[in-house]
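Next up: some structures, all given as structure tokens.
Okay, so chain A shows up in both of these, paired with chain B first and chain C after.
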Partner chain A sequence: MSAERVAFYIISALILGGAVAVLFSRIVIRAVVYLLVSLFGVAALYILLRADFLAAVQVLVYIGGITVLMVFGVMLTGAGRLDAPPSGSWKAFYAGVSSLALLALLGIVVGRTTWPTGGILPEEGSTSILGELFLRQHVMAFEVASVLLLVVLVGVALFIRLGRRKVAV
Partner chain B sequence: MVSLTEYLVVAALLFTIGLLIVLYRSNAILVLIGIELMLNAANINFVAFSQALGGHAGQVFAVFVIVAAAAEAAVAIAIVVLLHQNLGTIDVEKARYLNG
Partner chain C sequence: MNELARFLPTFLEGFNLSLPQNLVPVVAMFLCGSIVAAAMGLSAAVLVWAERKLAGHFQCRLGPVYVGGKFGWLQSIADGIKLFLKEDIIPTDADRPLFRLAPYLAVIGVLAAFVAFPISEHLLVADLNIGIFFILAVLTVEVFGVILAGWASNNKWSLLGAMRAAAQMVSSEIPMGLAILLPVMTAESLSLKTIVADQSGGILKWYVFQPPFFMAVAFLIFFVAGLASLKRSPFDLPEAESELTAGFHTEYSGMRFSFFFMAEYAGMLLVSGLAALLYLGGWHGILPGQSGVEWFLLKTSFLLFVMIWIRWTLPRLRIDQVVYVGWKVMTPFALVCVLGQAAAVHFRGG
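And then the complex of A and B:
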């Protein structure tokens, strides 16, 4: 068993363990910490896949941005207290059945298809190649993404202001 | 070397757990966490395919998915905070009358 395979199994256990811990955690702020573990695992998986730029973006945006945003959300809504999963068994039953059906479907698709086994591993880092792709081939999508971020920034600020005024009235 | 199929299996399991969180938990922030896990599963698939096919287009797409996920998280947290201000709870089961 090669070192890469051992690392893959450890990282996969970290990702899936973090996700399962989110599912069963009773305190919301702990669920955010478990999400952090899972996201770190995904970043490690990117490194294993030789996507070093994406791993850095994952750590910066997801772990540095979205997780902190969620902690803010928990603090602002006072949701850090006990949050028991619903005791209604029908909801758990339906959720479990539909998720297992999806898992079975995905398993069949993954198992039956013959996937390409090329695996050409580039020796150099992917950052310079990705930079070239962003500014040559995909420059339009790059600009659209920046406009999207601007619209979201202004829109969220406006949204919060309008919603608060409605509460005051 | 780890094959493409193993990455796809891990991503499928992660997607299923994310879906289960979205369907089972009723706290709005936990639902958001489930959505983030599902997006991450899709991203693992993109990068694994990109590596298996020897190109970089999948990684470019994964970066755009991360941008969309960040935008979505900002909007969703704003909605959750407003929901808490208006209803006093962020239980998605109780937010049934949202038509203004």
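And then the complex of A and C:
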């Protein structure tokens, strides 16, 4: 077995183990830490695929951004512990249905995509290739995504300001 | 690292040892990691001593004088031994596993950043294509460690410190990233080695002194945002001792405390070094043709001195002031600089 394959199995175990642990953790912050393990695994997988830029983005956005935001949210709301949901409630039913729907959707997408296989290793330095693609071929999608994020940012600021004025009155 | 991997088998043959071929890179990796960790610990010790000595002189006293002879230069070693021997206390109500994990996360983040950190043209662990971006990314792990420490301690001071750390991190990270964009755009590379190579040929080629001087503003923004991200004074709100006892590390003692300490000092070295590499020509000297480790160390030590100088000169800001400076002062300035430098690079014909 090659070193790469060993690394792949270790990393996959980390990703899956982390994800399962998130599901079964009752303490929210611990769930965030397990999520961290899983996300780190994904970054390591990217490195294994020679997509170093993507790996750094994964660490910066998900670990530096998303998980920090989650911890921030928990600290502000004081939601330390998840209690067991009451059995037989409609919430559980809806959650189950939506999870199954998502699973089916992902399954269809995975099944329909033709995955490039074989021993092709991408060139060193995927950064410049990514940059070219973003600013030439996919410039529309790139700009739409940034405008969307900007709208969200401004919207949140607006909501907070409106809420504050109501409290003041 | 690759040189080390090539050198390792011949080195081991000298001792009549041999290594399976596919284990060589792994062993080289471990060796590099250990060297970086040792260098980090050692430089942190030196920096702590320098900080105490300089703080003393800034306040018209002598600082440490007894341990190790004339200048008290063994003070940090004594401190280190003291920290090793101290009891490792974990509060009853703390979240035990997370409380234990947090200091390691803080240290690992900084340690990983040093992997992509070149000291001279030939002294570096790995010349990553995404060098500077990698450093920015792994540094966020340190902040996560700090926030986790504050939460897991189950202490109001710690929690407040951690929340301040998070708010401060978010507001300093964006100007810092924007300021880094300028050298990256000019050198057209994310690799620190290439960025420094682009600044060769004397002091006028250093990015700070390049007209139209957007880079000089970016240097200032980078340095200030770096201070904020390091939780250094005047931005040391997460551990403001007059309000929060010791902030996020109130409950930590012994080695676990020293890990946070080490992460901070190694982070100082990292930010000063990065500023020297990105804007001050890295290992290139003042005259064209001069280059070497000593230049890099000289510039880094000067910036470190400035950091210590600022700490013992300026009073602490308020948290809303820190966030204000980050979002409403540094970010717009950095954005203007990015646009200006982009135009400059474009019209240069780059």
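In the analysis below, the second predicted complex is superposed on the first by the 120 of 169 C-alpha atoms of A that agree within 3 Å, B and C clash if a C-alpha of one lies under 4 Å from a C-alpha of the other, contacts with A are read in each partner's own complex, and residues count from 1 in each chain.
As a convention for this text, a contact is a pair of C-beta atoms (placed from the backbone, for glycine too) under 8 Å apart; a residue touches a chain by one contact, two chains touch by 3 or more.
This structure is a prediction, so every number in the text was calculated from the model and none was measured.
In the superposition on chain A, A:Val74 makes contact with both chain B and chain C.
In the superposition on chain A, A:Gly131 makes contact with neither chain B nor chain C.
In the superposition on chain A, contact of A:Val110 is made with chain B only, not with chain C.
In the superposition on chain A, contact of A:Phe8 is made with chain B only, not with chain C.
Number of chain A residues touched is higher for B, counting chain B against chain C. Of the two partner chains, chain B is the only one touched by A:Gly163; chain C is not. After overlaying the two complexes on the shared chain, residue contacts for A:Phe53 are found with chain B and with chain C alike. 2, 53, 57, 65, 72, 74, 76 are the residues of chain A that lie in the contact sets of both chain B and chain C, per the superposition on chain A. Residues of chain B touching chain A in their complex: 1-10, 12-21, 23-27, 29-30, 32-34, 36-37, 40, 43-44, 47-48, 50-54, 56-57, 59-60, 62-64, 66-71, 73-75, 77-82, 84-86, 90, 93. The part of chain A that touches chain C in the complex is made up of residues 2-3, 27, 29-30, 33, 36, 52-53, 56-57, 59-60, 63-65, 67-68, 71-72, 74-76, 124-125, 127. Across the complex, chain C meets chain A through its residues 22, 25-26, 95, 97-98, 101, 128-130, 133-134, 136-141, 143-144, 147-148, 150-152, 159, 162-163, 166, 169-170, 173, 190. Every residue of chain A that touches chain B in the complex is listed here, in rising order: 2, 4-5, 8, 12, 15-16, 19-20, 22-23, 28, 31-32, 35, 38-39, 42, 45-46, 48-51, 53-54, 57-58, 61-62, 65-66, 69-70, 72-74, 76-79, 83, 85-86, 91-92, 94-96, 98-100, 102-103, 106-107, 110-111, 115-121, 126, 129-130, 133-134, 138, 141, 145, 148-149, 152-153, 155-156, 159-160, 163-164, 166-167.
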